[in-house]
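Dropping the structures in below, format is structure tokens.
Each of the next two complexes has chain A plus one more chain, namely chain B in the first and chain C in the second.
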Partner chain A sequence: MHSFVYRLNTLVTFAAVLLAMLCAAASLLDAFNSPTVHAHAEVIKINRFRKQLSGNDEVSLALNISMDLRSLFTWNTKQVFIFLAAEYETSKNSLNQISLWDHIVPDKDHAKFQAQVANKYPLIDQGSNLHGKKVELALHWHVMPRTGRMIQDKMAVSSFYLPGTYT
Partner chain B sequence: MGWIGESVESIRSLQIRHLLTQIVSLGMIVTSALIIWKGLMCITGSESPVVVVLSGSMEPGFKRGDILFLHMSKDPIRAGEIVVFHVDGREIPIVHRVIKVHERQDTGEVDILTKGDNNFGDDRLLYAHGQLWLQQHHIMGRAVGFLPYVGWVTIIMTEKPIIKYLLIGALGLLVITSKE
Partner chain C sequence: MFNSTPSKANLNPTRSGRLDALRSPSFRHCGEFSLPAMDWQGQKRSEILMLISLVVFGVVAFGVGYAIGSFQIMMLIYGSGVVLTALITVPNWPLFNRHPLKWLDPSEADRHPKPQANTATSKKKVSKQK
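Then we have the complex of A and B:
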């Protein structure tokens, strides 16, 4: 009845249940963290605005980014993935979302910073609709946990108009 | 001599009953695992509710051997979400992040471009030849939950099948030989 195998089985089962409960608790506790993110991003300069050989408009930008993401970090946070997305509407597409720049924040000590960056990925339209177009910039963050639920949110940061002619 | 035959008969019937009980309990284990899996498929709306990360292309967020829980809701795919998609001509699905979304005005169809956080460029090289965008039907689900290390069990079992057979054999032996 109380053989070695039975004792081992009970012990392993108990340990697994305990571990699962701890993981669930760690993820649940994240729900009590109500973060307030301060961030700003704006276009300093439009470096290049041209038409690709394929006929799609392509834009390169210089951006000024500042943010304070420290409130996003809890003890269950492995890292926070942030990216700046351009969003605009065209006659063909009701939504165009294009990631311009992204960054991984590994810990709380690196969560407050200010930087001037060029876009990592060019803003390429599906077609040639960008003349004088108003583009909204939004900062998205994706909190990646050590275990459990992933949390995603975004905030609008600024908007800019593209010029009427190619550079 | 009648009592010997009776006792032999009773032992034999006992063994048969015991064997039958073992078979039924084994069947219960297998079917309940199947019920849980199919139930998860219904709840999450994804054809595979749990996936194991096989490559390091999303490091340091997801490492090889981590598992992801998928969900497939009616909500449209948006940039920043981590999606699991399959590419025509590739057997193993890929877990990467959406970096571009174009949604059609008239039909509502979406064009999606993905990239691994740890990869230098976007995924067009991984897509089928000449494919520029993913469509809704390529997407198997979006990752909503994360559990580290657990997937190593399946990675080890698929790469070293002998361990799988040993484990199944040992478990089967335990079930058959165990007494109440």
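Then we have the complex of A and C:
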């Protein structure tokens, strides 16, 4: 500790180590948060069900989405990324997942809402397997922290059947 | 962790007490840069103060941030705590120099030859005589 530079080096190093410990502690406390999420999403109407030129099925939907994600937010939450996934089974794949709609929730004030939207991303199949198919909707959320581990979870909300013929 | 005050018992008892300063680690660098402006007691105090101050600010920052629920407040308190600690403990404040050690004057030191030089010349004399 015999010179200015030596003391400065010691201080900066120790301050950085303590900062790392503070961030680790903040992230660790997140594990004790047990959130309860209320969400519901359903298909109001199937706008279009057609076959593309490439031979793949394409569906366009109108959705009614409502949710309450306030319990997911802690002091260490930067934002929550949510997306609605359509899941179904085909002969080739046991699980097909397609994201229909996503949204970023920046803070607790914007975490409770209700919206009627068309799907942002079209539901396109690999092939034409969607005739009369049962499709399940699941809401996925990723809680992105300020420091530490990202927590992700999901919840099944509803299911619907696609028509047997193209519209 | 920090240098202890050199005691007379560690050094050659036949030499006079004033030459103890010649064996201090700082004396070797006398011609290169300035002597330390903090004495041994000051360095010890500065280091302990630095460690305790940083830990206290860290704990307080975390506690207040968690209680209020604001990550930004935690970072602000901790950041200002680091800057404050740096201002108090890093520069050579006079309060850390209350027990200064009196180093030997360089002109006085030149009149007494260094011990390593003596043994080398005596060995040379012995070999030449043979």
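Quick note on the criterion: the second predicted complex is superposed on the first by the 166 of 167 C-alpha atoms of A that agree within 3 Å, B and C clash if a C-alpha of one lies under 4 Å from a C-alpha of the other, contacts with A are read in each partner's own complex, and residues count from 1 in each chain.
We take it that a contact is a pair of C-beta atoms (placed from the backbone, for glycine too) under 8 Å apart; a residue touches a chain by one contact, two chains touch by 3 or more.
These numbers were taken from a predicted model, which means no experiment stands behind them.
Contacts of A:Phe32 after superposition on the shared chain: neither chain B nor chain C is touched. Legend: residue contacts after superposition of the two complexes on their common chain; A:Arg146 is shown touching both chain B and chain C. In the overlay built on the shared chain, the residue A:Asn93 is in contact with chain B alone; chain C does not reach it.
In the superposition on chain A, contact of A:Gln126 is made with chain B only, not with chain C.
When the two structures are aligned on the shared chain, A:Ile104 is found in touch with chain B, with no touch to chain C. In the superposition on chain A, A:His2 makes contact with chain C only, while chain B stays out of contact range.
Contacts of chain A with chain B, set against its contacts with chain C after fitting on chain A, overlap at residues 146. Only residues 2-3, 26, 36, 38, 43-44, 46-47, 50-51, 54-55, 58, 61-62, 65-66, 68-71, 74, 78, 82, 85-86, 89-92 of chain C touch chain A when the two sit together in their complex.
Here chain A touches chain B in the complex through residues 5, 23, 27, 78-79, 81, 83, 85, 90-99, 102, 104, 106, 121, 126, 140, 142, 144-150, 152, 154, going by the rule given at the top.
Within the complex formed with chain A, the chain B residues making contact are 60-61, 78-82, 97, 99-105, 108, 111, 117, 122, 143-148, 174.
Against chain C, in their complex, chain A makes its touches with residues 1-4, 7-8, 10-11, 14-15, 18-19, 21-22, 25-26, 29, 74-76, 146.
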